[in-house]
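Can you read through this structure? Questions will come right after.
Chain lettering (A, B, C and D) follows the sequence in which the chains are written, and residue indices restart at 1 in each chain.
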Amino acid sequence: MSERPILTTRTGISTPTAVRVRGRDLINELIGHYSYTEMLYFLTCGVFPTQPQRIVLDACLVTLMEHGLTPSAVIARLMADSVPEEPQVAIASGLLAIGSVYAGTTESCAELLLAIAARIDAGEADVVRKVVEDYAARRKPVPGFGHGTHKPDDPRTPRLVRIAQDNGLHGRYMQLLAELAHAVDRAFGRHITVNATGAIGALFLEIGVPVAAMRAFSVVSRAGGLAGHLLEEQATHSGRSIWAAAKATVPYTEET
Amino acid sequence: MSERPILTTRTGISTPTAVRVRGRDLINELIGHYSYTEMLYFLTCGVFPTQPQRIVLDACLVTLMEHGLTPSAVIARLMADSVPEEPQVAIASGLLAIGSVYAGTTESCAELLLAIAARIDAGEADVVRKVVEDYAARRKPVPGFGHGTHKPDDPRTPRLVRIAQDNGLHGRYMQLLAELAHAVDRAFGRHITVNATGAIGALFLEIGVPVAAMRAFSVVSRAGGLAGHLLEEQATHSGRSIWAAAKATVPYTEET
Amino acid sequence: MSERPILTTRTGISTPTAVRVRGRDLINELIGHYSYTEMLYFLTCGVFPTQPQRIVLDACLVTLMEHGLTPSAVIARLMADSVPEEPQVAIASGLLAIGSVYAGTTESCAELLLAIAARIDAGEADVVRKVVEDYAARRKPVPGFGHGTHKPDDPRTPRLVRIAQDNGLHGRYMQLLAELAHAVDRAFGRHITVNATGAIGALFLEIGVPVAAMRAFSVVSRAGGLAGHLLEEQATHSGRSIWAAAKATVPYTEET
Amino acid sequence: MSERPILTTRTGISTPTAVRVRGRDLINELIGHYSYTEMLYFLTCGVFPTQPQRIVLDACLVTLMEHGLTPSAVIARLMADSVPEEPQVAIASGLLAIGSVYAGTTESCAELLLAIAARIDAGEADVVRKVVEDYAARRKPVPGFGHGTHKPDDPRTPRLVRIAQDNGLHGRYMQLLAELAHAVDRAFGRHITVNATGAIGALFLEIGVPVAAMRAFSVVSRAGGLAGHLLEEQATHSGRSIWAAAKATVPYTEET
């Protein structure tokens, strides 16, 4: 007779004299032996990254950390002025905004690449062209393509591609992304850039990051960027000026 | 006539063909050149860490990342089951709990060390002893001392001390912390361990991290740990069992 | 030549001597003249509710306020112990969990009823039966039907139906919901209860609440319930026991 | 031998055929019998309010609900555009900002009034004058006094005072607040208004609301106001314009 498996966690445990993390001794095996980035990979992938994987992951995390006054940063700044004694509230509030609109394309692009790869593996021909033409016919943006500010090309993408190549990690998914890019330009009749979040989706696949971890990696990256905003906010109190600007931008009316 | 300075940000900006971050070119100077940990230091301290500073910062971040089912992790797991489509909500919710109770001792210990150093610099004698005896007289715990689980000693502390020594960063604040530890045992009449958050407060001072950034660093560290919990939760749905356990632990009563 | 309309807000404004809220004088027209429930309706629907509408809205809000240790309440309790000085963090954290899983059926049920009504208005026959049989064929639950705890019937539903009838608000959508209920039992071959969130979705339509406001109304209702949990938590510190129960329920393992 | 009392909750429980809330039958005793405001009072105070208490509580809740584009509302609007599929995230984010800076004076003023009353009860003379002169000597604002926008007087305060008088609830704490107001003008040498949050702190004491529940009541009130902002935001997408205004207000600089 089969039994329901006992629910357990492999994440970690503290005992009086030790901390175990995923089967390792935190004190003697982890602290001082691995970087934060390597631990992040370990905690989500279950193994430590190779050196090339680590380099690519650091490049992706650094790419997403900081882009100035994003909505996430504006929220964190306003919150820092409202709840000054508990600064984690400002950072956590900013991270709540790392949602489907601003970060979701990373996993959407990765899922698209996985779906294309699966159809190719199943023997289907011409998959990339068919997928892109379907988006074009529905007038839907292809996940990972286009950018509001970076035109004609997102400058982060070729840099990430180059790092993948230099580290022997420009494999199947990066190749598929390049094929997608050609097909997109043809099907939409104009050049649409591969954006950084799309490139990162493909790179995460190359280094073995599960799709389920991708949003979390975006959040971790942005947490570091928001630390910088928090510090600047404590010095400048820009939140008060942003608030005044918001009120001036959206004036009150009684007209219907 | 002096003018009110114009409010500006140094954090970053995106233009069509570039991203500037704190005066650097993200594409050509940062991505691929620095690790996440180095960027975190740069975004909060304004300069890049030396190699020893980077090693110590990584050690501190790795120390705080993961300790199993903390309240923060339990909250993140319950939230992951309630808002599955937006996983940043689970991580951000867990980070809201990185507050005064669980993370505040890092900055409290750092502030205490800074205050002691300032009084010594002002020529006052016997400062450490007087400070500790004052806490003892008021029966208040000294920030950075004592631990609920790790007894008699927090095993993370000697490991962090050793890394500081090995990297030439066991300076004034680590020395003051060691003096505090001796005085605490004497004044309280029993051995009380320096805990990891206290040691990290001193280490952050050694590597030049401003007190205002310390909570943010704890949050960043824990964000990585919560990424691991999120992934495990998506596979195990422990949140449902935790919920049932909570209901069983706190039964309903109508007695007054 | 048409111009882009200037962006404005009708919500409210403070001036030195007055507060205007949606065209009304807060001091002389609103405070003391309307209840919280009436104001909630006014702020989202733009007009004040009739007395029957107010009674039904209060009934819906009271129905959702409090059900004991829901995940939302457990999260709020854990957070109250982690961030005791800023109690809004506990309540807001609990409210983050009022998401698609636990509250989304209210708007899903309302949207289903609107879609059915639109198809009937377009002259289509047998819409309710076809809709339900489609769900049954796909083995998908019909939004607003079924409940994990309340079996065979959610006791809140007949009470809400009765209040609608007593107040002359058992109109088209409540009638469609009753028809759905008959069709569900037939198509699924067993009795499945109309749950309270489904009934509330229909009732909100009856009283003119836009679908876009329904999640917000669930959140407002639960905010009141969490106020009660917060107070009890400050007295009992159940969060500590819940944390211990979570750790006991999900033990650490190193097995793979 | 005494035993540790078993931890229980009185908030509520769901069974297959009933919901019990604080010893009452939700279906037959609460839904349709009480308003949201009455339930809020019941869940935090343990008894139902008298009619005058209910009127005063509604007046306080209505006073705090909506004041236009507060930081809380700006945060909610930015979040609504970032996480559109889970609207509770926008409301909860806005509520996180109902913290010590913007809402804390309600409980601070209540605590001050309780402390004054206790000293008077202990036989001390001239307490109000001494308390205010102490604040004036330390150049600290008295909790509940002064307002950034409303000058010379917060127009909400006399309205709330009048409602208290009309309902026989202008008791000891409202009287003490009036005495404080006279002493403040004298000690600070100029007229400083009693603001609405201060008046509400006194009114909450008059109707028996515990200090521990006051922040929660502010949060509940504002949740209703944010529901209105959420709806307007879904129609206007002001978040995009507010974001642009924030970037224009805080331009990027590389100067040091």
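Please note the rule applied: a contact is a pair of C-beta atoms (placed from the backbone, for glycine too) under 8 Å apart; a residue touches a chain by one contact, two chains touch by 3 or more.
Given the structure is predicted, the values throughout are model-derived calculations rather than measurements.
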Going from subunit B to subunit D via touching chains takes a minimum number of steps equal to 1
If you take the mean of the Cα atoms for each chain, which one ends up farthest from subunit A?
D
So the centre of each chain is just the mean of its C-alpha atoms; given that, what is the distance between subunit B and subunit C in Å?
38
Once you find the CA centre of subunit A and the CA centre of subunit C, what distance in Å lies between them?
32
Distance from the CA centroid of subunit C to that of subunit D, rounded to the nearest Å?
23
Which residues of subunit D are in contact with two or more other chains?
7, 9-13, 68-69, 83, 85-86, 89, 93, 96-100, 236, 238, 241, 249-250, 252
Which residues of subunit A touch subunit B in the complex?
7-19, 21-22, 26-28, 30-32, 34-37, 39-40, 43-44, 55, 58-59, 61-63, 65-69, 73, 85-89, 91-93, 95-100, 103, 149-151, 153, 155-156, 159-160, 162-163, 210, 212-213, 215-221, 223-232, 234, 236, 238, 241
Residue numbers of subunit A touching subunit C in their complex, please.
6-13, 20, 23, 83, 85-86, 89, 96, 249-256
Please output the residues of subunit C touching subunit B within their complex, sorted ascending.
68-72, 74-75, 78-79, 81-86, 89, 93, 96-102, 236, 238-239, 241-250, 252
